[in-house]
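In C-alpha cells below, several structures.
Here come two complexes built around chain A, the first alongside chain B, the second alongside chain C.
Right, the complex of A and B next:
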C-alpha cells in the first residue's frame, strides 16, 4: 500500500503508470475488435464449438482470445518474439549480424530494425495462412462450422491478411511505447495482459472439470506454486568481488560487493517457445493422416505422456543454453572486471575468472531449465494424477508469466520510487 | 454493399500505410529479445529514435487505422 502511495505521489511514476495502463487498455480494446470482412454473428456461433486445448488453444491464450475472435490484434506479439529469436540465433552464427551486435547502440538499433522487418514477413505468412483458413476451410479452426467471413474471396482475404499484419506490428509498437515511456517491459506486459484476460476462461474450464472436493487441493497447489516461482525468480548466486584499486561503484567503501547471477537467466521465453513449438506437430497431426508423421504427432497430443514430457524438457533446456551462449559472454565479463580493477577472491583475473564464471553460469542455467520444466509441467501432471483434469492450455506457464512479469515490473517501480528526482532545467528557472 | 467495399478499401490502405510507417519508425536501441528478457530499462537509447515528424505521422496513421477498423466493425454488423 505504502509502495503504491509513494509511487503515486511522485508525478513521474504516476505519469508512467497512466501511460502503461492506457496503452494496455488500447491493446485489449484491439483484441476485441473483429477484423474487416469477418461475419461477427456467424463467428459468435462458431466460437461455442471450439475446445480450449491443443495448438489453437495455446496460440489463442497467448493472444488473449483475440486469435479465435479474429480480432485485429489476433497475431499479437508472437511473430516479433519469434523473429527476435531468429535474429539472435543469426547473431551467434553469422559474421555480419554478430558484428552488428557488437557495434554499440547504432548496431543494436539496426538489428532491432531488421528484427521488425523479419517480424513483418513472419506475421505476413501467418496472417495469410489464418485468412486462407477462415475463408476457405473454417472447419479447421471451428469444428463443424461454415464460413465466418461475409464475402469469401481473394479481396476479403487480402484485406484480412493486411489488417492482421498491421495489427501485429501495432502491438509491437505499443509494447515499445510502454518500455520507453511507461513502467516495465512492454512486450512482457502485453503477454501478461493477454494471459490475464484469458484467465477467467481457464479457471472456469478447470472448475467445470475439478470435482468440488478437489478445489481446496487445487487452491493449495496454486499457492505453493506461486510461492515457489516468487522464490526462484528472485534467487541469485552472488559471486564476491573485491576492488583492489579504488572505491567500488556502489560507493560504499569497504562494503562487500557481489556480482549477482540469476538462477533463471532465460526468463519466461523458453516456456512460451516450448509450448508454441510443441503445439505445431499437434496442429499438423490432423493433416498427417495415419503415417509415421501422424503417429509421432499423436504422441505429442498427450501432454502428460512421456514423449511430450521429454520433448518439452529438451526444447526448454536447449533454449536456456542457447540464450546463455548468445547473451552471456564470460570472457567479456572477466575483461570488464579486470579493467575495473576488480577480482574474484582466490582467482587471478583473465582466463581463470572467465572459466569460473562459465562453470557457474552453466550450472545455474541447468538448474534454471529444470525449474522451468517443473513449473510448466508439474501442475498439469498433478491435476491429471489427483483429480483427473484433462488439457489446460499453458497451466503452470500461466503462473510463471504472471509472477515473473509482476516481479520485474514491481522491481522497476520500486527503483523508480527510491531514485531521487532532481528538478529539470525548466523547473529551476 | 458499396459502403462495405469502401470501408474495406480504407482498411487496406490504412493498414498498408501503418505497416510502412511502423517499419520506417526506428525503435530505440536495445530492443528485441534482450529487452523482452529484462535487459532494457525505460528511456534507453532515445537519442537514436525517430524524428518528431515521423512520430506525428505514425500517430496519424494509428488514428486513421483505428477509425477504419471501428468503421468496418460498425458496417459489418
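Right, the complex of A and C next:
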C-alpha cells in the first residue's frame, strides 16, 4: 500500500489529477451560472415542465443540462466537436486541407487553428439561434412558458449570444488544459462530466417508467451492458511486427512487437453523431407541420420502430467508415513501419502491407459498426420487449460514452503510476 | 541484425478474398485477441469505481453551484 502511494506521489499523477479536478470544477461552475439577461426564477419554474426529448434533449444531455438552464457554458464543447468532424471531412476530400494534414506538425497546428475558427463561427450561429429563440419564442424550448429573459430585445439577445460563444470557447480551452496538464483527453472528460451530471435526472425518469419489479432486471442489464462494452473495447487484432534493423521501441531486441488494431476503430463519435442527426428531423417536425417531413419525423420519434432502427444503423455505419477513412491512413502506417525498419511477417513492406492493413481495418470497422448499433439500441429494445417501456432516456449511447472515456482515462492513470519518473535536471542539482 | 524467427506468427493469407463480406469479417474476428473474463471483471470494477467517484465529484460541484446561484438570484 505504501509502495503504491509512493509510486503515486513520485509519478506526478497526483498533481495532474488535482489539476483535472480543479478544471472540471471550473467547468461545472460555468455550467451552473445563468447567462446575463436570463431571469433565473422564471427559468427554474419553466424547467420543471420540460421533458427534454429530440434534438434539444440530446444537446441538453451532452451539455449536462446547461443548455436548457441557459448557463454560460450552455453550448459546451459540441460546436468544437462538430467543427473537428467537418475539418476532418474536408481533410479527406478537399486538396489544400488534405495537404495540410500531411504537412507534419506545422500543418496539424494550422489545421487546429482553422478548427478553432470554425468552432467559433459554428458556436456563433448556434448561440444566435438559441438567444433569439429564448428571447422571442421561449415556448419552443419551454412549452407553455412566458419570457425567460429579463428584458426581451436586441441588446439582451446580443449579450446572451456573445456570452454563449465565449463560454463555448472557454470550455474548449479548459478541455485543452486538461489534455496538456491533467489526466486523459480533456474534451472527452468534459463530455463525460456533462453526461454524468445529467444521470440523476435520467435515472429518476427511467425509474418512474419502469415498474418496481423490473428495477433489478434493469440494473443487471445495465451491469452486463457495461461489461460487454469493456469486453469489446479491450479487444484488438494484434498484428505482429518484426524490427529487422534495430531494437524495437518496446520489448527486447528481436522479440515480436504487435501493432494493435482495435475492434471498434471509430470510437464513440458515430453513436453520438447518429443520435444528434436523427433527432434533427424530429426537431424540424414542429415547423414542418403535416407534410412529408412531418410524416418522416413521426416515424423517427419511435426509437424502437423499424424506420428509426434502420436509419440509425445506416448513419452509424456511414460515420464509422467515414471516421476510418479520415483518421486512419494505412499507406502512412505502412510507410512508418518501413522507415522504422519494421515489417509484418509474411508481407513485404510497402503496398502489400498497406493493402493488408486497409482490408483488416475495413473488416474490423464493419464489425465495430454492428457493435455500436447493438449497444446503442439494445437497452431500448430490451426494455420495450420486457417491461413495455418504449422511450428509454438512459440509452446505450450514454453507457458507451461513460465506459469508453472511463477506460481511456483509467488506462492513462494506471500507466502513469507504473511509469518510473526520472528526476529533472533542476532536481539533480 | 535480427532475423525472423521461423515460428513467428505470420499474417500471410490472413486477409485474402473480398474486402467486405460476412465470411471475411468473421474470419477477421477469429484473429482478434479477446480479453479474459477475469480481466473484463477487473476493468468493469475499475470503470464503475471511476464513474462513481467522478459522479460524486461532479454532482457535489453542481449542488454547491446551485446553492450559490439560488442565494444570489433569490
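Following the convention adopted for this analysis, the second predicted complex is superposed on the first by the 413 of 429 C-alpha atoms of A that agree within 3 Å, B and C clash if a C-alpha of one lies under 4 Å from a C-alpha of the other, contacts with A are read in each partner's own complex, and residues count from 1 in each chain.
The definition used in the following text is that contacts are C-beta pairs under 8 Å (C-beta built on N, C-alpha and C of every residue); 3 or more make two chains touch, one makes a residue touch a chain.
Please read these numbers as outputs of a predicted model, since none were measured by experiment.
Enquirer: Just checking: does A:24 make contact with chain B only, chain C only, both, or neither of them? Give me first, second, both or neither.
Expert: Touch status of A:24: second partner only.
Enquirer: Using the superposition on chain A described above, determine whether A:183 touches chain B (first), chain C (second), both, or neither.
Expert: first
Enquirer: Could you tell me if A:117 is touching chain B, chain C, both of them or neither one (first, second, both, neither)?
Expert: First partner only, chain B.
Enquirer: In the superposed arrangement, which partner chain does A:33 touch: chain B (first), chain C (second), both, or neither?
Expert: both
Enquirer: Just to be sure I read the superposition right, which of the two partners does A:231 touch: chain B = first, chain C = second, or both, or neither?
Expert: second
Enquirer: With both complexes superposed on chain A, which partner does A:406 reach: first (chain B), second (chain C), both or neither?
Expert: Only chain C is touched by A:406; chain B is not.
Enquirer: For A:209, select first, second, both or neither according to whether it touches chain B, chain C, the two together, or no partner.
Expert: Neither chain B nor chain C is touched by A:209.
Enquirer: Is A:362 touching anything from chain B or chain C once the two structures are fitted on A? First, second, both or neither.
Expert: So A:362 only meets chain C here.
Enquirer: Show me the chain A residues, by the header's touch rule, that chain B contacts in one structure and chain C contacts in the other.
Expert: The overlap between the chain B and chain C interfaces on chain A comprises residues 33-34, 40.
Enquirer: In the complex, go through chain A and note every residue touching chain B.
Expert: My answer: residues 16, 30, 33-40, 72, 81, 84-85, 87-88, 105-106, 108-109, 111-113, 115-117, 120, 150, 155-156, 158-159, 162-163, 165-166, 169-170, 172-173, 176, 179-183, 185, 187-188, 266-267, 269, 323, 327, 408, 412.
Enquirer: Which of the residues in chain C come into contact with chain A in the complex?
Expert: For this pair, the touching residues of chain C are 1-5, 8-15, 19-20, 24-25, 27-29, 31-35, 39-41, 43-44, 46-48, 50-51, 54-55, 57-59, 61-62, 65-66, 69, 73-74.
Enquirer: If we count contacts the way the header does, which residues on chain A are in touch with chain C in the complex?
Expert: 21, 24-25, 28-29, 31-34, 40-41, 64, 192-193, 196-197, 199-200, 223, 226-227, 230-231, 234-240, 242-245, 253-254, 256, 263, 344-347, 355-356, 358-360, 362-364, 366-367, 402-403, 406-407, 409-410
Enquirer: Of all residues in chain B, which touch chain A in the complex?
Expert: Chain B residues touching chain A: 4, 7-8, 11-12, 14-16, 18-19, 22-23, 25-49, 58, 62, 65, 68-70, 72-73, 76-77.
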